[in-house]
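Can you keep this structure in mind? I'll have questions shortly.
Lettered A, B, C and D in written order, each chain numbered from 1.
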Amino acid sequence: MLEKEGQVRIPAGCAISGFISRDGNRICGDKIVKSISYMHDRSNGLGGGFAGYGIYPEYKDQYAFHIFYDSNESRVETERFLDRHFDVVNLSRIPTKKHPRITNEPLIWRYFVTPLPTKLAASQLDEREFVAQCVININDRINGAYVFSSGKNMGVFKAVGYPEDVGEFYRLDEYAGYAWTAHGRYPTNTPGWWGGAHPFALLDYTIVHNGEISSYDANRRYIEMYGYKCNLLTDTEVITYIFDFLNRKQKLSFEDIAKIIAAPFWSEIDSGKFSESEKQKLKYFRNVFSSLLITGPFSIILGFDGGLMALNDRLKLRSMVAAEKDDMVYLASEECAIRAICPVVDRIWSPRGGEPIIVKLNEKK
Amino acid sequence: MKKYVIIGNSAAAIGAVQGIRSVDKDGTITIITDEAYHTYSRPLISYWLEGKVTDEKIYYREPDFYEKNNVMTMFSTRAEKIENGFVVLDNGGKVQYDKLLIATGSKPFVPPMKGLDEVEDKFTFMTWDSAKAIREKVTDGTKVLIIGAGLIGLKCAEALYHLNADITVVDLADRILPSILDVRAGEIMQKHIEQKGTKFILGASVEQFSKNSAKLTNGDTVDFDILVVAVGVRPNTELVSEAGGKVEKGIITDLHQQTTIENVYAAGDCTVSHDCSSDTDKILALLPNAFMQGEVAGKNMAGEETLYLNAIPMNAIGFYGLHIITAGSYNGDADITEDADKEIYKKLVFRDGLLKGFILMGDVARAGIYTSMIREQIPLTDVDFELLREKPQMMMFGKARREEKLAGITH
Amino acid sequence: MALNYFQPLFDVIRDKDRCIKCQACARQCANEVHRYDGDLDKMISNSQQCVDCQRCVCICPTSALKIVDNPNKFRNNSNWSQQTMTEVYKQAETGGVLLSAMGNPKEYPVYWDKILLNASQVTNPPIDPLREPMETKVFLGKKPKDVTFNEDGSVNTETTPTLELSTPIMFSAMSYGSISRNAHESLARAATELGIFYNTGEGGLHKDFYQYGANTIVQVASGRFGVFKDYLETGAAIEIKMGQGAKPGIGGHLPGAKILEDVSRTRMIPMGTDAISPAPHHDIYSIEDLRQLVLSLKEATEYKKPVIVKIAAVHNVAAIASGIARSGADIIAIDGYRGGTGAAPTRIRDNVGIPIELALASVDQRLRDEGIRNEVSVVVAGSIRSSSDVVKAIALGADACYIGTAALLALGCHLCRSCQTGKCNWGIATQRPDLVKRLNPNIGYERLVNLVHAWDHEIKEMMGGMGINSVEALRGNRLMLRGIGLNEKELEILGIQHAGQ
Amino acid sequence: MKKVYVNEDWCLACHLCEYYCAAANSGAENMIKAFANGNKPIPRIRVEEGSGINFAVQCRHCDVPLCVKSCITGALSVKDGVISCDESRCVGCYTCVLACPYGCIVTSESSKVISKCDLCMKNNNGDPACVKGCPNKAIVLEER
């Protein structure tokens, strides 16, 4: 029998797409489904998924947990855990639509929660760390339960199948958000497990990723020192944790994070193109966070509360195209995925390896 | 374009050509010589006579030497005098010069001897022509009388020995090679030569010649088929003296090799040199000396100021297979080692804290290291004296001097 | 003694058709094996004194010499090998402890040779180091726990002192005294040219080599030879030597015969006296004492130098390393049981300690489990034989490797393992001036530079094959390794999967 | 011009330079042949040995070559800075032996003429066998 994610490391090729309205206009989920469908051949039907930001305005102050359950027993155990740690404001099955090509679905539940103040205080952790640890706890300890989305006012929807089918399955046309990302997966040796599909998420960080990072185990063994558990053995998982660690815990900006995970080559650092202070910083990052350098091909779109970031490996071994039209910014593995939903763009370009594209919502005036 | 004229065609003349051409590629060079040959090596005439050197190999420089150096030659032409910037030739012609070199060498000295006129086959041994003349008269067993047991006489004797002549050498002195050997070394060499069958009659001179015999002052009579007179040489200085230049034992020059006449230089056996080993002025009739003087003269003539320094008497010569190398002066404290059975003799002479001279016979390897001690006047305190005495070796110098000499490191 | 209980180990074979009697062999053999006999007009050999250092073989201009094992053998016995028997004879004759040099030569498993590397195919492109940048620079030292920011919000880039290496290779500690001045000069100059570090060992630092201080690690060992202020301040880092892989638990003993003028001055001990390093540091009987020494050395050098603590790989190495990581040390160096030595009791060398591969794997994992891997860098030593050993060590978790034996091989050593005799024909492990000069540092340093350049190039090739273009992404990347022919326990300790998994 | 220089710190007195030189100038195709049948070809380089100091000495190829200036036959000449001897023109007068300050003109019982280092111009195109054969770079061919 084939082993699933978490039992074996599975390399995968993929398609990714994403867009954001800088003005914060909420855009219907069917648009991202259309975009990713144009890269059908980059997937093989073994995984597809989406992340939408700004989709739960009515629950924007609660953490939205999306959880897969293998069985009711695991659901019961998880809910017992949730009840002990959170005030569960709302719980329900996530609405889906039967789809002929989406099969073997697990139980898919959604909870809007706030940490119990007493528990939070007792933990002496900040709220986000508390939530993150609870998520890691559930995923690590409760058999058959898997939290695949845990941020505020955002949500991940993923499944085994082609992404366009997954979009229909989750009825994404019924959601609207200011930013969306999507992923079509081409794993090479998995039976396809729903949890293994992308995006991978922790709190509001979601990652869609195309590539196979050669630094995986170096990154994993480093990040696991800081309380993370890379249960899925996937690149996406470890990259998400790296972002969480560097942004949420180390308080580094996304610009600086790009300088760590896709650090400039020494030849570039020493070339004289950087100011002395910038050079010092780059050297510092490469020394201190040397184990977080990500090598091997990747193109990723990180979603976070209030923005998207796209990044290629420093050699640009994976395709990635960016485009702008008015307040919209589009990012995708292929240009067709952008043209499909925005035929006429103001500008379209191919970002250089290691050069991050960071788009944030405009400040509300 | 300067006009260079050189009178003479031997080592000093060739040295001058090379010296001029190292500075001036364009000036005209004219060589005037009373001989009829492309430049040949005078010391080689004994080797030629012996048959060891062929007609082709006697030449001092390759056949295209004059062409390569753009030299005009006037063979078989005698320079009669120097006059107002011209050299007057025996054929009546005149050659104008800007710079003139006198490299006329020397001529054999034949002292007046009673009855010499009666001797039909009498020769000197100085030029190729003289060697050729002797060669014609010598066959197996030809009886040869050589007057003079100096370098020329004995070189001639050695050559004739190889031609199986029956040789007797007579000298007024009581030892051979007095100019380069001390008494003991002379004895060893004499014995060596005598063992080969050559006879010496020393301390005697000729009282009376008849056609084929000589009556000696010691009462002996020596019969001979041919006679070679090799008692000495005299420098050819007339051109300079007649033009008013200063001449003593030879032509006097300054360290630039210029005579006392403006634009007239002299080099080689016709000049007086300063022997730095004895601090005296003398004629150093040696090929290396002639060449180097000529070269210095040539450079000065062409405008590159150069001095001729550190000249010393020195000789490398062999007789009947026994090699001798000598240099410097023998006036001082002598350190002698000898192995007569092996015909090895070594004398080192020290004075004023310097090595002043040496005689090496038999084992002459690396003798130049000693020569350099004399020429460079390296103080004995700078060398390991025991090693110096042992044999010529670089090890005797201190590390710094060795590095200078061998490692290209200047201290 | 008229009765030889044991026979020479080697036979000198001379091809008389090739030998031209140039006597180079005779002039070059400090053991006086070869001799020219003028009466016989023959070269004569005395095999009894041959140590198989191969100097004569290498220098012979006509390749006329071979040194082979003496075919003479004792009766076969699977239990009592000829070597074991010979050692008994020797001890019966001398009553002494057997001494040996260089690393443990016994047939224990070499784990490096049971680990295979990965390469990229299809899903991930290999990278061609000739076309793309490929980075091998590493920093050794403590990493700050958290990023801190300056008042203006910029990142505070100050760190505790680090060592910057152009490639993750350094030259191991080998003392002046155990090896020659010229060997030291070769190492120092090579380290400087390569942008890496060499290690003084415990014998102090010759004044002439202070100029290479920026690439020198100065060692402080139990004998404290040559340790003083200038010495500590000259080095780029200070290494406290607690143990040595070749002789864990044992001190050192450099015989007085090797303490000549320069060595004496450098070690700061009288000429001709034995230099004895005690087994323990007598001011360190426990981990808290170590912490005091670490901090004392830092205090003495104004916290400008990283401090390395070097230990031998012994059974509880992981726990010891954990203690060191918490002692204030910046770097832990672990020396495996195959590490070299200038002299060690044979029984110790051959029977004490554990393989560096297993020690490294457990130390790295332990430090990670405790979340203190960033407190220290880990440098491993003890028979790193090739660039692939380096790559495997880094993938197991090492920050860098020390090479000692390989460096000596580059200088000419042929592992005759006779360093203790002081008659090294290659000018390495000797103080005899005529032998020392055989190692021309102009050649030696160039050969070391060549070796490290070659390894660096190979490391880049292997990394490129794995799709990794910077060595930091290889460090601890155990997924790049697979075991071959290893049992479950070994795989578990190494933290790797078996080939095929 | 590249010349051979000595670094006596590194000379081991192994004498291999002498053997490589002798073989290279012997005309034999390899060293074994050069020394076969008791042949002892003469090297043009020689090692001087002292207590703790050794070095090889060979022609310095002087800028002011006294040997060439002294040669009575023209056998010695300088070409592109390399002093060589046309042995067919040498008569063995040894004036060069007298002149050479380094003792680098080689004489031998067996040969009536001298021989000297020509930086292996004739046998190896200017790649001196002694330098190649030196195991310790005690003699080097360098531009200085």
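To be clear about the criterion, a contact is a pair of C-beta atoms (placed from the backbone, for glycine too) under 8 Å apart; a residue touches a chain by one contact, two chains touch by 3 or more.
Because the structure is a prediction, the values reported are computed rather than measured.
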_Label of the chain whose CA centroid is most distant from the centroid of chain A_ = B
*Can you figure out the chain closest to the middle, judged by Cα centres?*
C
*Whole-Å gap separating chain A and chain B, where each centre is the average of the chain's CA atoms*: 102
*CA centre of chain B versus CA centre of chain C: separation in Å?*
69
*Between chain A and chain D, what is the separation of their C-alpha centroids in Å?*
78
*asked:* Between chain C and chain D, what distance separates the C-alpha centroids? Give it in angstrom.
replied: 43
_Per-residue overlap in chain D, given as positions that touch at least 2 other chains_ = none
*Which chain C residues reach two or more other chains?*
none
*Chain pairs in mutual contact under the definition given at the outset*: A-C, B-D, C-D
*In the complex formed with chain D, which residues of chain B make contact?*
11, 15, 41, 43-44, 47, 52-53, 57, 59-62, 287-288, 291-292, 295, 314-318, 323, 325, 327, 364-369, 371-372, 375-376, 387, 392-395, 399, 402-403, 405-408
*Where on chain A does chain C make contact in their complex?*
9, 11-13, 188, 211-212, 214-219, 221-222, 224-226, 249-252, 256, 263, 265-267, 277, 280-281, 283-291, 293-297, 314-315, 317
_Quick check on the complex: what are the chain D residues that touch chain B?_
3, 5-8, 48-50, 53, 55, 57, 60, 66-67, 69-70, 72-74, 88-89, 91-105, 107, 144
_For a test of understanding, state which residues of chain C touch chain A in their complex under the given definition._
120, 123-125, 127, 132-133, 135, 137-139, 143-144, 146-147, 149, 154-155, 157, 159, 162, 368, 371, 373-374, 397, 466-470, 472-480
*Under the touch definition given earlier, write down the residues of chain C that touch chain D in their complex.*
17-18, 20-24, 27-28, 58-59, 61-62, 433-434, 437-438, 440, 442-443
